[in-house]
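The following blocks contain the structures, represented as structure tokens.
Shared between the two complexes below is chain A, which pairs with chain B and chain C, respectively.
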Partner chain A sequence: MSLEPQIALSPAPTSHRKRIWGRRVSAIAGFVVTVFLTFLGLLAITFFIGRVIPIDPVLAVVGDRATNAVYEAARVQMGLDQPLPVQFFRYVVGVFTGDLGRSVSTGRSVVEDISRFFPATLEMATIGIIIGVVVGVPLGVIAASRQGSWIDQIIRIVGLLGYSMPAFWLGLVGLALFYARLRWVGGPGRLDIFYDGLVSPVTGLLLVDSLLAGEFDIFFNAITHLILPASVLGFFSLAYIARMTRSFMLDQLNQEFVTTARVKGVPERVVIWRHAFNPIRVQLITVIGLSYAGLLEGSVMIETVFSWPGIGNYLTTALLNADMNAVLGSTLVIGAVFIFINKISDVLYRVLDPRAR
Partner chain B sequence: MANGAPPPSFPSRKGEGGAEPLLSVKNLRVSFPTHRGRVEVVKGISFSVGKERLGIVGESGSGKSMTGRSILKLIRKPGLVTADRMEFDGIDLLSQSEKQMRSIRGARISMVMQDPKFSLNPVMTVGEQIGEALVTHTRLPRREVNERIWAMLDSVRIDDPKRVAGLYPHEVSGGMGQRVMIAMMLIPEPELLIADEPTSALDVSVQAQVLDIIDDLVTTKGMGLILISHDLGLVSRYCDRILVMNSGVVVEECAAGELENASHPYTRGLLAAMPTINEQRDELPVLDRTQWAGT
Partner chain C sequence: MTSTRDWLLEDSPTSLWQANAGRAYRVFMALLRNPLSALGGVIILVLILTAIFAPWIAPFSATGQNLKARLLPPSGVNLMGTDELGRDIFSRVIYGSQITLTIVGLVALISAPLGLLVGAVAGYFGGWTDRLLMGFTDIFLSMPKLILALAFVAALGPGINNAIIAIAITSWPAYARIARAETLTIRNAEFIQAVQLQGANPLRVIVQHILPLCTSSMIVRVTLDMAGVILTAAGLGFIGLGAQPPLPEWGAMISRGRTFILDQWWVATMPGFAIIIVSLGFCFLGDGLRDVLDPKSEGK
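Showing the complex of A and B:
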């Protein structure tokens, strides 16, 4: 080999580099604009749905025995006498200045409520999805690479159970067995009662806050409380992720390039993980992303069974109390989570799949 | 290989000169289960290949690709491969374990497949894929691996090999993809190359180019070649010897130059159906399958 091509390639012209940077900046700008527009659309939809549903937020505040004068005063104070576009504009301005209004049922500002409830869900969902991915993906790969064997059958049955078992039932059985009988895990709630309120919330995530405060017993106590509900959530996402991984893998294992790898004499382990698994990472990102977003919505069933102060519980209570500010706020947060996860998936696509660059 | 020791990666070539066949196959049968019992797609064929170019011709479903794949033991369950004998350079391929087969695949027998669009891994660069074929069988420093990848790409007539090595399969054309495939399959210097319809997915204009490269490399490296194709004309141009297959059996075996003297009605029918440049016929004849249907 001569060295000529290298010499020809080495001086990278600055204009070329500039062009690459220009492209990157415009890509980032485009990204920000799409996120902003999507978020605005989400705001509009949640706001107008919130206004057209036959729930009277004024009644929820003043009660149904209030006089007309009191009712009217409250209506004006809440800004509901203004035309809808004005209300919407005020709401959007509020959202962008960090004001989501006041919750009727808790009496606190919705932002404060969400910053308290959402981290609880975030913590549980994150541990749940980690369990789901770390266990589910290898299970799916193993099942596909031994299609039809007894291992495959067992994994498929586990997947089917995860699909068909009611979450609250699994949670209750888990509590009865691992908490009440075996005493392996902590009970309902995020901490034992005597640890409650001992660490000052920084991130709202107890595992992080307790470590930041250097309170290791609180950290371990939080883990014992978290592990069971997170495992139940993890089991459901595991079942889904394993099934999807299996079917993506089966598809890849029949591809011609997998045969090419075998023709080269590549060990089967490498055939499976490098040649068949790498191309499905993009599809898996979608599945995992949606699964994670689903968990972040908050599972009302699990949160109820484990008395977990999460966003699912908060949203449901708010709905039942016609607490529209809380409902809109929670919906916004959940929507924002979906937008965020989708955008992250998009970025990961480009990193993982050269065809998407 | 009865003592179980895996063969070394690059053993010395024996039988230089082609006196001893590189590969000999006797009574090879490949079958698959269906709901109506096992169906044989290859029905007891025998042949041998030395350091020569053997062409296997046949229509779709004649079992030619299955023959190629069963040599590498790539037919996966529930497919079943049996043979009285399948020997490669004194190694009984049938009794080789999967692990022993891996040291033969790529290193000693390799295969170029039909369509580079499907046979190259979409998320690995061309260079990575070629390099993998090499490092699977030999330990070499990274720098030398790169040198050999570039040299190999150069030998399949790719300009600017350094740039091409960094491309992904979707960034190269079909003809270039197939040349990459050839580079990948020849870099560990195997003794036998099976080319399974290497040009049927390519434009006619690049077909000859790709076959010339295969022919050139196979001849200069003194390898054996099994060229599987449905194109009788192409095979007779590039091969020394031809096997004509039809529904799982070899119906004709002859030297490429003696194709005109073929005796089997199937071969005769194929030859008759080939148009020539000074064509006088209005309509090409159709194969009359009743002539050999009973055989």
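Showing the complex of A and C:
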């Protein structure tokens, strides 16, 4: 309808389309370059941390009773006699070929450890973000459409609590209340002890694996264990998502086209969910992406509380054992995933939202 | 009384001191008008007073053990109960305010000036300096803060000083971004050109004429960030990498209470309330300050 004059104004639709595609390609190229540079920066930081630690990496391998000759040989073999740029180059090549060194405490390669532990984190964070989106988005929309009402106030308080409550504390309180007192949920860990190891890992995601094996008991047991930590994570993401949804919606509801729709007599429900909500969907993708990345980080604390065998638990255990390869490896993996989700939601926003071009 | 107020609200102040005092007074009055920010201010004030007068407020010592009074529930004597060594949790929470205030203050003192300087230099010089510094800042910004802080503490060794350094290292980039944005808007202002024409070197221009104009948005941002700093510090303490026992740091106290969470819930729960209240205080105060000092960035 209203598109008519615009089409008439643009001289040749094909060149217009070409220009849009050109912009998309350059956006994606820019994305690849920034992701690569940021990742290189991350590598530089972990390399730097690995070099400034007071622990001598050679001593850790040969022990303090080794002779000078043995020590020197190990030093040369580990490449530590080379200049720093060469060491860094080797480190980068190692990381890109999937070599993160060996964990001192588990005795396995760090890559193997992480691929074993990561699915548990992914499962928890994914359920968490689902809770955050399913609850947070409608709450934000309702808060915006009834600005100043009691539900708006509640969402404000939830948002503030999301910024000021320690996640590990909420997890502990949840355990005390829902596990110890009310017995509504399973305790720490991914499964009850007698179910442990009964399902062979295919994807590493217990919910999927137990369904694939047709073990519904285990599936429901896994849910009772997962629901509390995922809800705690979900609380923090819903606090953020609801706040952002509310502010985006308020921006839209103040626009003139919304007033026009209302004046035309469009039902309020349609005004809110179609006219006002549709334009903010792309912005929400960015917010949800950021929130998801934040959950992967937040799971470090939650996993410690719930003895959840994920990458966060692996990281904290390694930290306390001064297992530097494992620490830097998991920092690198969490950092890389974080950066990737961060940047991809940024580029999605620019590609999908015509206003951002 | 009225005359002091008139002096403060004078439209044409006769001295710099009067102008500054008047401005502070206006900000203060505007903060009081908003109940939540007033509440935030009160919470922070109480935190500061508690930290200063802890020895007089706390009924017991923070480290004195009394094994006969282990794990007592909250009562009239022990307001928040006692922990596994019979120490009074209320007294420990009171003394913990000193640690929290130290962490918050030092992180702000290290990271805000660092961020200000990086951002102002990048914005003032522009070109390659800008691209290099901001590229560096962006790399730090797009990394998970907590994980980075964890890795730094792992390298530097556990302890409260290293925790402060690690948190400061991860929180300066946000300030650099703000300082750069502010610098860009005033870089070409006429008063800057006037100073440059008088032969002031870049250092002088930045430190004396640009940085003072960045401070108000910086104060807002730092106050808002303090809740996050407290949570990160508590998290490091909880994992065992921050303040070490027997220091009564709130996160570390929660961590000790973890073992007893199922039966003696108060050991882990009580310090958490302290964290929430203080963090909320900084959030409220920061929101109020933003409305007063920096109204254009509302809703961000």
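By definition in this document, the second predicted complex is superposed on the first by the 267 of 357 C-alpha atoms of A that agree within 3 Å, B and C clash if a C-alpha of one lies under 4 Å from a C-alpha of the other, contacts with A are read in each partner's own complex, and residues count from 1 in each chain.
Just so we're on the same page, a contact is a pair of C-beta atoms (placed from the backbone, for glycine too) under 8 Å apart; a residue touches a chain by one contact, two chains touch by 3 or more.
Note that the structure is a prediction, hence the values are computed from the model and not measured.
Look at A:257: by the touch rule set out above, it reaches chain B but stays clear of chain C.
A simple residue count on chain A separates chain B from chain C, and the partner touching more is C. Looking at the shared chain after the overlay, A:161 reaches chain C, while chain B stays out of its contact range.
Looking at the shared chain after the overlay, A:23 reaches neither chain B nor chain C.
Within the superposed three-chain model, A:146 lies out of touch with both chain B and chain C [touch as defined at top].
Looking at the shared chain after the overlay, A:350 reaches neither chain B nor chain C. By the touch criterion defined above, A:176 reaches chain C but does not reach chain B. Within the complex, the chain A residues that touch chain C are 37-38, 41-42, 45-46, 49-50, 52-54, 160-161, 163-169, 172-173, 175-176, 179-180, 247, 293-294, 296-298, 300-301, 304-305, 315-316, 319-320, 322, 324, 327-328, 331, 334-335, 338-339, 342-343. Those residues of chain C that touch chain A in the shared complex are 135-136, 138-140, 142-148, 150-157, 227-228, 231, 234-235, 238-241, 251, 254, 257-258, 261-263, 265, 268-269, 272, 275-276, 279-280, 282-284, 299.
Listing the residues of chain A that touch chain B in their complex gives 1, 5-6, 9, 255-257, 259-268, 274-275, 278-279, 352-355. Residues of chain B touching chain A in their complex: 72, 74, 98, 102-107, 110-111, 113-115, 118-125, 132-133, 136-137, 147, 150-151, 154, 160-163, 168, 170, 181, 184-185, 188.
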